[in-house]
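Next, two complexes with subunit A in common: one pairs it with subunit B, the other with subunit C.
After this line comes the complex of A and B, so read on.
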């Protein structure tokens, strides 16, 4: 039995183990975080510097800024459509690998490859596929006399293009986690359902899918927060265009800060995004704490 | 259970077709860049099936003369160093968070998640201003510190779940034998947690290696990383597709075998946050 003083000593040792990380997180993460909050209440400009305190003016300006409102619309389109497509596709592939082609063990690795591809490469590869003069897809359909329109020249097309490229590189994330969740579900249930005469498809919708809901929720939240941060895809594929039509909020913050030099206002936009990250991470942390207690 | 009915075979055939389509979707873009990287400049805009044997290595030799190899080295140095430092600091911290009876663990878990999820555009603005004023802009140290704001929360978070899965009795037994807590960590816990450490290291390295945004803002010419250097091949007037294809292949090559071999461990590491 460890004595009381030994256990107090142990706790002190644990605390010492935390100190380096505590300091590092403080310096590398909390300082910039506090800096962002501070800057969002100023009118700091990269060239002109400070001109005076502005208090909440940046945040008031957000609600009257048409470009900001449009950026939210673009962000929502990219996030909701993107996450929905990725969840459906990731789940389909996971279920397919598990139930339709369980013998493709070795091929599973192939489905994961796009997950490792750097974002900038994903963007450039898809830019080449979306460039009509270069794309083998356009060349292939041209054989049959079909002209594929340039997808990046309209807002709808450009949003679709970003979603396609994003889905390509992130559905393996959904797939891997859903595969892991599927393997935790007993196959007895499927067999029992089959005994009762349920078809496989019905068994999937009525038995497997409901059991996957918790995992799907978490994966969707993780993907959602990532899609709010789209940068390389927009930077390379559309540069926010055509016009300003694909400037999602995160990209708009970048444009305001580093192209228009409005650091204060850019920080206020970043704060708006940060708020989402705060709420979603709080939800996940609470959920994990509840699971750990259970 | 066997089912030989026609309708079952039809549905199964449809399912296999669907899976093949997904496989093509996954692999086709990579094969396409691979082909593109071997195409001579004169054949870039000619469909591959018209001149399938017009292949060359000149794109590969041309890229050696650019700053891209140097940028690759920068990427390797900064991603490697920030991963190593994150493991060094993060593993003891995760161990302590997992096994101590400290209060405030919930707050720590929220903060770690928040840092993983926070939009980098918010971070990078003050970082940029600090770096400009302190001379850290365009230095290895500056970039490594910036990457640690990504890698450290990831390592601590995923190792925390890994250590949670190791029963407390293991530590108690080691302490009973007279080992110090540090010795217990190094000699007992780390060997048991090795798969988790490998996964955390891979994910952390990929995070830094794949980064575009931080490097775009806080590097210039001295420490430019490969993802930013690729953009030199894209200019307003023309796009050097041959060079882009080669750079894409080279940037992706080191990570593909790793992800194929380690995807099982990575699932456990990612899954720590998603389980339930």
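After this line comes the complex of A and C, so read on.
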């Protein structure tokens, strides 16, 4: 009896622990989300208000809007290239740190520093590094008569610039998760492989890497969804330019909502983004569950 | 241990409750919430808030935020009807839009009742007239001037360019790998490249619309505008610094101050930083002049900022009192002396001896140049219509695309024309 009531008490305590988060998510995520869904079926304009119901018109318009299509291309370029670069870099640093850990424990702290820098600050620092007249990099190479090309004035360059700045600030996230996963892999496997005469590189590719796949998938998913939400880096680094060639979908939703006052259409773009991210999350989560079962 | 924790928690709760109470008491006093965006003049105004309280007994809580986030902040406040702002910084290019949305109230009667109304510069004041009503009082009128390195021009035997065509030949003559001839705002945006580009457009005889304001058929895709765009692109790509295609005013200021650029055309809030002896190592060599003209005349870039009363302000009379104080001769004179603020909007301030002395230190004819340029500037330099922010963005993006070689100038103007037409039609 006593233990039963104790466990009921414990359960109540656990439930209470969920209340603040439940309220926070409810108020700050669900309510705006429902509002956004509602608005996406209207023509609400910041200045002119509502003029009538539009039903699915906003969503039909998406597929005929060249700027929206271009924005998806930019978003995908930023996400796929960004995630790939971040995974490779984060994993490299994690493996390096794991192998030299006992002696260099403090080094981890060093590698995590960029993760603590706010996005706007990161963007401002990289903006000056990418501005030829301000950049110490350009000044350094100029000594040897080498001119570094301006990166922010071409589409490819501007996308690369966003990826570089994003990677600089987020590879520690990848690194930390991979590091945790590496520590879960028994060193016996490495030792056995070494006894069987496998080189370290072969051991990494045939033993460590396959065991890291679930962790890598998880990290890639997190990063992918984060990169879909690119905003501060675009806002500060490229201003959506050159032209409008780095207006990724999230940025385009902002342009429509705030610059053009088309809240209804902007909400429809945001809805698309929400479901896009949702579908990808579900797909990868399921795939991940299969991998974990296998 | 447990007791200790409980006591600490109680102490924290008590402190919190007290903080809330004092907050409530604070709100009971008359406090005006003033939202401005950061420029030397608004920073100067913020420093004087105490004077306003001394004079009127009303406390002014002046918040200054960055220009880049200002519009979003305002839009959220106004569209959400939060009523949290009593006096709002109102760029003239926004006033039509805000009036149409019903976000600000007319202050016509109070302005007409001002004894010294005529002291306000006519153009800037008229920028706030919408359908016979006045919606704000101007505190800032900035006008574009040419800033050039006289040492560099002299060394190459060049005279400061009087026209944009001359600008091309002067630029060709003085451009070196160390010091590029010219930088102009290039980043896309109605307040960025579209602050400077219309100066070329108008000068070459181009315009935005067929017959503004009665016929708003876009006239972007014209030979005159094409010529202007070609000159703008040639100037920047041939004689501009590396990476100029992404330059905005901060990059221009840094490049001129750093001796990497010899000429620019920009507003007085920017050019005054170039001649500021404390901040600019090249200040002694910078000379200011009227901006270049073209076949159709001279059209200096102009930007006017004012203060308005939001329609959901709690106490509109107190709000106007603040505006009256902030735009008074005394306040403007104080800011003109404390800050880099040659952009005052009252004629009388220009005849105060201390003010004259300060700004003639920059250049003997500085204030005269400013007045001359202001007189030449047209009020509708950027069209005064509610869709301008959207139109300006579309134009700015297409022009930036052409500058960076993404599309040809012809294609950029054609696309811009179409987009402006769509924006007007969707009205």
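Things worth noting here:
Quick note on the criterion: the second predicted complex is superposed on the first by the 251 of 294 C-alpha atoms of A that agree within 3 Å, B and C clash if a C-alpha of one lies under 4 Å from a C-alpha of the other, contacts with A are read in each partner's own complex, and residues count from 1 in each chain.
Criterion: contacts are C-beta pairs under 8 Å (C-beta built on N, C-alpha and C of every residue); 3 or more make two chains touch, one makes a residue touch a chain.
A quick note: this is a predicted structure, and the numbers were derived from the prediction, not measured.
Once the two complexes are overlaid on the shared chain, A:152 sits against subunit C while remaining clear of subunit B.
By the touch criterion defined above, A:287 reaches subunit B but does not reach subunit C. In the superposed pair of complexes, A:134 makes contact with subunit B and with subunit C alike. Once chain A of one complex is fitted onto chain A of the other, the partner contacts of A:107 are limited to subunit B, with no touch recorded for subunit C. Look at A:96: by the touch rule set out above, it reaches subunit B but stays clear of subunit C. Contact with subunit C, but none with subunit B, is seen for A:261 once the two complexes are overlaid on the shared chain.
Comparing subunit C and subunit B on the residues of subunit A they touch gives the larger count to B.
Residue contacts after overlaying the shared chain place A:66 against neither subunit B nor subunit C. When the shared chain is aligned, subunit B comes close enough to touch A:273, but subunit C does not. In the superposition on chain A, the residues of subunit A touched by subunit B in one structure and by subunit C in the other are 133-134, 235, 258.
Across the complex, subunit B is touched by residues 2, 10-11, 13-15, 17-18, 20-22, 24-25, 27-29, 31-36, 38-39, 89, 92-93, 96-97, 100-101, 104, 107-121, 124-126, 128-129, 133-134, 136, 139-140, 168, 172-173, 176-177, 179-180, 191, 194, 200-201, 214-215, 218-219, 222, 225, 228-229, 231-232, 235-236, 250, 253-254, 257-258, 263, 266-267, 269-271, 273-274, 277-278, 280-282, 284-285, 287-289, 291-292 of subunit A. Only residues 1, 11-12, 15-16, 18-19, 22-23, 25-27, 29-30, 32-33, 36, 44-45, 47-48, 89-90, 92-93, 95-97, 99-102, 106, 109-111, 113-127, 129-130, 145-146, 148-149, 152-153, 156, 164, 172, 175, 180-182, 185, 206, 209-210, 212-213, 217, 227-228, 230-231, 234, 241, 244-245, 248, 251-252, 255-256, 258-260, 263, 266-268, 270-271, 273-276 of subunit B touch subunit A when the two sit together in their complex. Listing the residues of subunit C that touch subunit A in their complex gives 68, 71-72, 75, 79, 97, 100-101, 187-189, 192, 241-248, 251, 254-255, 258, 260-261, 386, 389-390, 393, 397-398, 400-404, 406-407, 423.
Interface of subunit A with subunit C (complex): residues 46-48, 130-134, 138, 147, 149-150, 152-155, 235, 238-245, 255, 258-261.
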